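Right after this note come the structures.
Both complexes shown next keep chain A, but they swap its partner, so chain B is in the first and chain C is in the second.
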Partner chain A sequence: MIDAILDRKWLASLLFALLLIILWQCMDVFELLPSYVLSPWDILDALVATTVDGTLPLASVQSVLLQLSGFAVGAIAGVVLGLTAGVSRWAEDFIDPVVSLTYPLPKIALFPVVVIWFGYTDFSRALVIATSCFFPVFVNAYAGTRSIEPRLLWVARNADAGKARIFLQVILRAAMPAVSNGIRISLALSFILTYATETLGASAGGLGNMIEDGFNDLQYGPLWAGIVAFAILGLVADRIWGRLSALWTRGQLVEAMGRV
Partner chain B sequence: MERAHADDLTEVAAGLTHSLDELSVSVTDLTKVFRRGNREVTALDGVNFTARPGEFVTVLGPSGCGKSTLLHILGGFESASTGSVEVFGKSVTGPGRERGMVFQSATLFPWWTIQRNVAWPLEVGGMGRKASRARADDLLELVGLTGFGDAYPGELSGGMQQRAGIARTLSLEPQVLLMDEPFGALDAQTRELMQEELNRIWQASGTTVVFITHDIYEAVFLGDRVLVMSGRPGRIVADISIDLPRPRGHDVKGSPEFSDYHARLWNLLRDEAIASEFLSRD
Partner chain C sequence: MSEKVIDRVTSTTGQEPSTPSGYRAAESQRRWARRARRTVAVLLPFVVWWTLAEIANNRLFPGPIEVIATLVDVTADGTIWFHAQQTAQRGLTGLAIAVVGGVFLGVGMASVRWMDSVLEPLVSATYPIPKLALFPLLVLALGFGAESKIVMVTLECAYPVILTTYAATRGVDKHYLWLARNVGAGPLARFGIIMRATSTSMVATLRMALPIMLVIMVVTELISESRGLGYLLRRASSDFDPELTMAVVLLLAIVGFVLDRLVVLLGDFVGRWAGKVQL
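For the complex of A and B:
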């Protein structure tokens, strides 16, 4: 019986999550939770309330727009420059030292400078998010391109394939799993940075602001509603990307794990 | 179906090898010197040999004797330091479709199915998607992989991957097939089966084959001729014709003639192997 349930992985993990939620709810029933930790039921209540009055959907849309714009710019720049540095010695000499120097810097530390320049605007926020998202994608795209099995390139040259074809059909495909991993890391980072930049400065809007306001005004309902909304958005984004990249890298997944 | 296809390949090969006295492969005074820092390592030192169209030549040598380097130069992936390499009268200056390489590992593109892998060189050559896939299916049949076209390389065993790799190289319709210890990474049973398969495929295709190995059984079983290479720097120290009847089945390996060839080659190779194992450490 238990084996049968464990065989269905999603069912097992669903049951485990359900168990934790029930445990959490029980702690509330026995008054073991502090006032600022709401029970699952109260959080559901807050989610419904903030959805009905429109604050949660509005904040979610604001956050997702900010997150997506920063993430997209950073990820695209990371893919383009990472692949370029991977295939061109010249570009590598140019880009790599700059990236190595700026990589360890926590990009959120640049926010004050950006704000002095562009003010507390969504542009400033997106800029910091993009900068953060750039690095994991760049590093992975670069490494993925560099670590291509040289014999695969020989196979392509044996077939007399042109440079553009080799880039698109061999190098890019070979680098896809690494690129996809970098994008996945950046996707998670983009939510973290969205929250961080939304809490800084007045009238930012978005889920980060909603959470911050809840904290300042002791409104734990909206605070928890914002946290849960972030969790759901992050999960959905990660799953969508996971599915997409599995389509692109199916053969490589098979090679790595023996099955899909 | 398979028979018809085999005839088809033979015709192609016959068309390419119109002149019988033309040499398929001609290597003259080939040397290769690698520079490692300010040291020079001579990998090949005055290699000479020729192969006739449709001939199966095996190159046997101790490890590190430069036999892979020789094949890479024939393939056009490395350049010779001095000397000349010609294939059907044309000087080799880079990789080309008329010289198909098969590596020790199958080196299939893991992101494509087996069928697409075999069809890809045809696509590159300008054949349409549908025609190239139909042709790939024919080649997969030739190497005994019918029904595996939709599998990804990662789903196949090492032997099956290598068959697919051979089919992909055959799709180039090469005049010369260059094989670099293609069965070296396979287990003993699979290797024996693959040797028999290769015999069959080669007889069906009629291409010239230059086959690198360190396995004496393999060299004798497959080759019309066995070239024995010395330890580094590599030179060809013997050129032995293998007059065993064709087609060769596995039973030929038990024949007294086979044992004679084996003993003769081992005598030649033994000294070279000892030299490369104990003397040329660097």
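For the complex of A and C:
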């Protein structure tokens, strides 16, 4: 019996998660939880309440728009520059040293600087999100292009393929798993930064602001609803990207970077 | 690693020197050209920044010289040391807990069956969730002080550590472990073998976790704190003091860079110890 459950990993972990949730609910019944920890049932209640009065959907849409605009700009710039640095030595010599120097800087630290110039606006927020998202994508696209199996290129050259053709049909496809991995890391990062930038500075709107307001006014319902909404958004975005990239990297070995 | 893909593609069609000495001269010339380009690449942003600042001539947009001077000032009078030390202390504590705990969990998940079944899907599923959103709850539970930040850093940094340790441990050659069991090695000795075999990917993980730690420290200190570099950033920004703000950013960049280099050095050391060279 136990063996059969342990064989199905999803079942075992699902049962474990259910057990935790039941335990959590029981703790609420026996009044062991502090006031700011809502029971799973109350969280569900808060989710429904904030959805019905429209605050949660509105905040989610605001957050997603901000996250998507920053992420898209950063990821596209990362892919383009990463591939360019990977295939051209000239571009590499100009881009790589600058990126290596700025890579370890926590990009969120730029937010207070950007705020001095543009204020606590969505433009400042998107700018910082884009800057942050650029780096993982660039590093992965660059490394992925550089570590292409040379035999693939020899075959392409042997078949008399031109530069453009080699780039489009060999390099781009071979670098795809690494690029997709970088984008996945950036996607997770973009939500963290969306939360961080929305929390800073009043009247930001979005889920981060909703959580912050709930915290300040001791409204634990909206606070938890915002946290759960962020979790769901992060999960869904990751799943969607997983599906999409599976289409493009079909038949290729996807190197696990922090993922199994 | 140094050979570029397109270069490799085009090198046979380009001009190739026929003699070995001619080849060597061309090679060294190429290397000098590269070094020159890379130096220009590092200096160029500073020159552009300086020029723009000169043109703008705006108090809100200081040039690199003013910013560096400010950084030297606040370093000399000691104000920044206190904050830097606070940030470093908490960040490194959180990171250390994340690494130790993450390694144990990762190795456990990879070698104990029920841990693998029960925990691995949960950890993978919760990985893309922005854990930072839990920070207000941590503040409610632990207060605005050091504890909530240390726990936050641990929470965010543990994930990459757990998952890479898990993958690396599963990748350990089973023959080593069978051999160890055969000669009667206990669990501790087997753990040592796993540590040795996975040490290079551990360092790679550390290199991944380090920037996460810095981000979380800065964010949590920006949100709520009266000490640390993040606090200094927020205060300087709301005082409309761009020179100090940028000086702190510059310091954070230096700290991040130095820490990253230290991990790379550690990687060399560990690589030699493990009998492999990586990083």
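Quick note on the criterion: the second predicted complex is superposed on the first by the 236 of 260 C-alpha atoms of A that agree within 3 Å, B and C clash if a C-alpha of one lies under 4 Å from a C-alpha of the other, contacts with A are read in each partner's own complex, and residues count from 1 in each chain.
Quick note on the criterion: a residue touches a chain if its C-beta (ideal position, glycine included) is under 8 Å from a C-beta of that chain, and two chains touch if they have at least 3 such contacts.
Owing to the predicted nature of the structure, the values given are computational and were not obtained by experimental measurement.
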Fit-or-clash call for chain B and chain C when the two complexes are aligned on chain A: fit
First, second, both or neither for A:157, with chain B first and chain C second: both
Partner chain in contact with A:52 - chain B first, chain C second, else both or neither: neither
Partner chain(s) touched by A:27 [first = chain B, second = chain C, both, neither]: neither
Partner chain(s) touched by A:187 [first = chain B, second = chain C, both, neither]: second
Contact breadth on chain A, by residue count: chain C or chain B: C
Touched partner set for A:165, first chain B, second chain C, both or neither: first
Touching partner for A:176 - first (chain B), second (chain C), both, neither: first
Partner chain in contact with A:88 - chain B first, chain C second, else both or neither: second
Angle at the Cα centre of chain A, taken between the Cα centres of chain B and chain C once the superposition is applied, in steps of 10 degrees: 80
Partner chain in contact with A:250 - chain B first, chain C second, else both or neither: first
Chain B versus chain C - smallest C-alpha distance in the overlay, whole Å: 5
Shared contact residues on chain A - chain B and chain C: 157, 256, 258-259
Parts of chain B lying in touch with chain A, wherever the complex brings them together: 75, 77, 94-97, 99-101, 103, 105, 107, 109-113, 120-121, 124-125, 152-155, 168-169, 172
Complex contact set, residues of chain C against chain A: 1, 4-10, 12, 34, 37-38, 40-42, 44-45, 60-61, 113-114, 116-122, 124-130, 132-134, 136-137, 139-141, 156, 159-160, 163-164, 166-167, 170, 205, 208, 210-211, 214-215, 217-219, 222-223, 229-230, 233-234, 236-237, 240, 242, 245-246, 248-249, 252-253, 256-257, 259-260
Chain B-touching residues of chain A, taken from the complex the two chains share: 149, 151-152, 154-155, 157-161, 165, 169-170, 173-174, 176, 248-252, 254-256, 258-259
Partner chain C, residues of chain A touching it in the complex: 5-10, 12-14, 16-17, 34, 36-37, 86-90, 92-98, 101-113, 115-117, 145-146, 148, 150, 153, 156-157, 163, 166-167, 171, 187-188, 191-192, 194-196, 199-200, 207-208, 211-212, 214-215, 223, 226-227, 230-231, 234-235, 237-238, 256, 258-260
